[in-house]
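Presented sequentially are two complexes of chain A, the first with chain B as partner and the second with chain C.
And now, the complex of A and B:
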């Protein structure tokens, strides 16, 4: 267990800069998820921390000590890879015992620790098997066993669940979280799946194009995204975005999309009048009505997706499209008219550069 | 409207018809000569009066089992196979490991290293015979200069040196094959396995033994069997270099077959030696194919 500090890190492959001035502090025992679209540099950060990739400039410190010049084996980290990277010619027990063997532990010590970890992960009955005889989930668990058997200062996970099917992914997600709650080892977890990040992490770091977009607790990012990218990346289904202009119409502050769809906003948006902005609202925050109500906008229903507990609607009006999620079941059929209204305290406003605009009430 | 009742076992002739030409060709150029060869081994045919050969049953085989030359050849073949395979494999592995790294001249070197394999065997033999020549040979010159030996060695006329010379030539000529196969094998080992080993604390030597060598196992089995099979079948190179001599010290089974047939003209007996070689090759081929099937099902 140890804090991790990443300071002013830059990484370039030749002339191509993939990470620029990246800073991150991870507390002792914290579970941090690095999340972002493919190619955003999150895996590169992890690999530099592991010592598998040279650092162009900047500093990586584990437990207060710079590790830039240490070999991977001397950093006291353990890593779980996307493809598990198990040794195919070794049994499960030998795979898990390998890091201990490389550290010169005796046979008896290795057996003890391997059995202990196998018990924690429920691998006791698989110890004599070879990786090729294991399912994806079992391989993943062995890879985790190999990581925790040594009791390292930091766990690094590089998209460990992306090769598993959806059901198993949800199960392993909970297992990893539970394991972290039990071991309390500092963990850095790379994923492109924001749901994984939201459900597992204490802190999420959203990255794009080698830059840190926002850092915060999962619900902080959900409730108060600092820019349009984070707003759109965190949350599923994604936040709705409407591009248009704030204007005063018939003495009311309104938002209009291409002059067609008009949304009533309320007086607190008055400072934004005649500005081009992007309005963001999460699918579950939109209210829908089957008859006209004051301040509601008429749209027609495009698609209905019932999933049992909740129903997803896709509403259209001209070029504008909204995704709405509501708890429960509804009798609406596609093509019918519905009226939508936006609770103004749930609206996010972004300026033309994509940064969030604070609306003072 | 009535439909003809379908007979349950109607033979569909079309596929058989389409396969027939290939079948005929195969029988003519493959099966027929083999059958001829094996049946010849039951006759005392000689090359000069080929039509006068008499059926003598298994007499050739009885003689074979008591023939010192046959047992010598079997021993020579085993030694030649083991030594040339080992040296070829080691050279191939060394160069494959080198070429598996990233460096500027990699593409150029890869082409250069394949050249020995592209040179016709007879030309390679001539080059080596010049290099090994007791009077003009560069190898003797260098070894004397370096102080390894006092005076030039007669590599090809001394029975203790002919085999090492032959093994050297074989390894030099064949290592590109081993190198290419091993290089392909090395490139199938996932990079993540090396990285996992690095994180797990394995140094370069541990990584070689725990990741590289096991990763090469599927190609190793196939490559080793292929090299042994090749050494059993090899005629041109050995014949051009030593003709099996001196004093039968390099007379492998294929050379013995050739010599018996065309030097001693005992073609019936040669057929018996050839059949024995065929049986050995068949056994190795079976192991080879089983290895291929197993490595496929493992992957």
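And now, the complex of A and C:
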């Protein structure tokens, strides 16, 4: 258990800079998820922290001590790779015992610890098997076992669940979270799946193109994204974005998309008048009505996707398209007209550079 | 014909064809063996397909009257050294080419393969001159070095293929688990490439064992002869000691037999299967 600190880290492969000025502080025992689209440099950060990739400049510290010049084995970290990287010629027990053997523990001590961890992960019956005789989920669990058996200062996970099917992923997600609550080991978890990040992490770090976009608690990021990228990345289905202009019409502050779809905004948006902005609203925050109500905009229903507990609607008006999610079931058929209204306190406004604009009430 | 009958007919056809091909391939070896244990002339007609007078005299003769024991020992030295040199160099070279990718790696890999295209006849004269100047001429280790040079490109390529198949993450995992880079290589990567290593060692051994051209050129003293060169001495000016020659040939062929028996077991791929998702 230890805090991790990443300061001013830069990484270039030849002339290609993939990480630029990256800073991150992870508290002792914290579970941090590193998310971002493919190729944004998540694995690179993790591999530099593990000592598998040289650092171009900057500093990595674990437990207050710089580890830049330490070999991977001296950093007291454990890592779980996306492909699990089990030793194919060793049994499950030997795989899990390997880090302990390397640290010079006695046979008896190794057996004790391996059995203990195998019990926690439900691997008791698989200890004598070889990796090729395990299912994907079992391999994943063995890789986890090998990581926790040593009780390292920091766990590093690089998309450990992405090779599992959807159902197993949800199950393992909960197991890893539970394990973290029990062990309280500092964890850095890389994923490109924002749902994984939201459900597991204490803190989420959103990255794009080698840069940090925003750091915060999952719901902080959800409720107050600092820019359009984070707003669109966190949350599923993704936030709706409408591009248009704020204008005053008939004495009311309105937002119009190409002059067609008009949404009334309320007085507090007055400072934005005649500015081109992007309006963001989450699918579950949009209200829909089957008859005209004041301040509502008429749209027609494109697609209805019932999933049982909730229903997803895709609404259209001209070029504008909105995804709306509502609890429950609805009798609406595609093609019918619906009226949508936006609760103004749930609106996100972004300027032309994509940064969030604060709207003070 | 019903489908079943024609299916059987096709299988019978293939079986007979396979047997015929096998017979063609095996007959020279069989004939070699028969000739070595048959004291009568091998030129009788009809040929003796089954030895009438079985005797192992030829085997005793070649050890008693010829230097076979010395040649055998020399051949073992050359083949053993070739296998050893080949293993040591190709492990290092193949690992480097597989794991350290720089801009020149690809070029270097191609050059190694290209060197395989040069025929021995082209190189043997310069080699002869170099060996004479460096004192490697007429030495068994010198011959092993020359043999190594010829088999090395193939060994490196083969072993590189094996290293390429081993996910680099397994090695990195070992480094995180407590190994140094070298330790990870010896404890994890090399054992996984063992089938490749065995093939490379066997290949080096065999190429050192049965090489003739270089041995004939780079070795002078009869005490330093290897078997392949020694075999030619059975042809005297007026007579050829056929059954002695064949007896020596049988002994000569043994390692090749052993080679294929070893390699067959190890060539079965898939030891690394199960390491990664699959």
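Rule of thumb we're sticking to: the second predicted complex is superposed on the first by the 361 of 361 C-alpha atoms of A that agree within 3 Å, B and C clash if a C-alpha of one lies under 4 Å from a C-alpha of the other, contacts with A are read in each partner's own complex, and residues count from 1 in each chain.
The rule we apply is simple: a residue touches a chain if its C-beta (ideal position, glycine included) is under 8 Å from a C-beta of that chain, and two chains touch if they have at least 3 such contacts.
Only a predicted model underlies this, so the values are computations on that prediction, with no experimental measurement involved.
Undergrad: Have a look at chain B and chain C on chain A after the superposition and call it: clash or fit.
TA: clash
Undergrad: Is A:120 contacted by the first partner chain B, the second partner chain C, both or neither?
TA: After superposition on chain A, A:120 lies in contact with neither partner.
Undergrad: Spot which of chain B and chain C makes contact with more residues of chain A, would you?
TA: It is C that touches the greater number of chain A residues.
Undergrad: Classify the contacts of A:72 with the two partner chains as first (chain B alone), second (chain C alone), both, or neither.
TA: Both partners, chain B and chain C.
Undergrad: Looking at the overlay, does A:163 come into contact with chain B only (first), chain C only (second), both, or neither?
TA: Only chain C is touched by A:163; chain B is not.
Undergrad: Applying the touch criterion given at the start, work out whether A:136 contacts chain B, chain C, both or neither, answering first, second, both or neither.
TA: Second partner only, chain C.
Undergrad: Based on the superposed arrangement, let me know which partner A:50 touches: chain B (first), chain C (second), both, or neither?
TA: both
Undergrad: Touching A:87, do we find chain B (first), chain C (second), both, or neither?
TA: Once the two structures are laid over each other on A, A:87 reaches both partners.
Undergrad: Classify the contacts of A:195 with the two partner chains as first (chain B alone), second (chain C alone), both, or neither.
TA: Neither partner.
Undergrad: Enumerate the residues of chain A that count as touching chain B in its complex and touching chain C in the other.
TA: 50-52, 71-73, 77-79, 81, 83, 85-89, 98-99, 102-103, 132, 146
Undergrad: With touch defined as at the start, can you tell me which chain A residues reach chain B in the complex?
TA: Touch list, chain A to chain B: 50-52, 71-73, 77-79, 81-83, 85-90, 98-99, 102-103, 132, 146.
Undergrad: Using the touch definition from the top, list the residues of chain B that touch chain A in their complex.
TA: The touching residues are 190, 192-193, 195-203, 206, 210-211, 214-215, 217, 298.
Undergrad: If you look only at chain A, which of its residues touch chain C in the complex?
TA: 50-52, 71-73, 75, 77-79, 81, 83-89, 98-99, 102-103, 130-134, 136, 139, 146, 150, 163
Undergrad: Inside the complex, what are the residues of chain C that reach chain A?
TA: 167, 169-170, 172-181, 188, 191-192, 271-278
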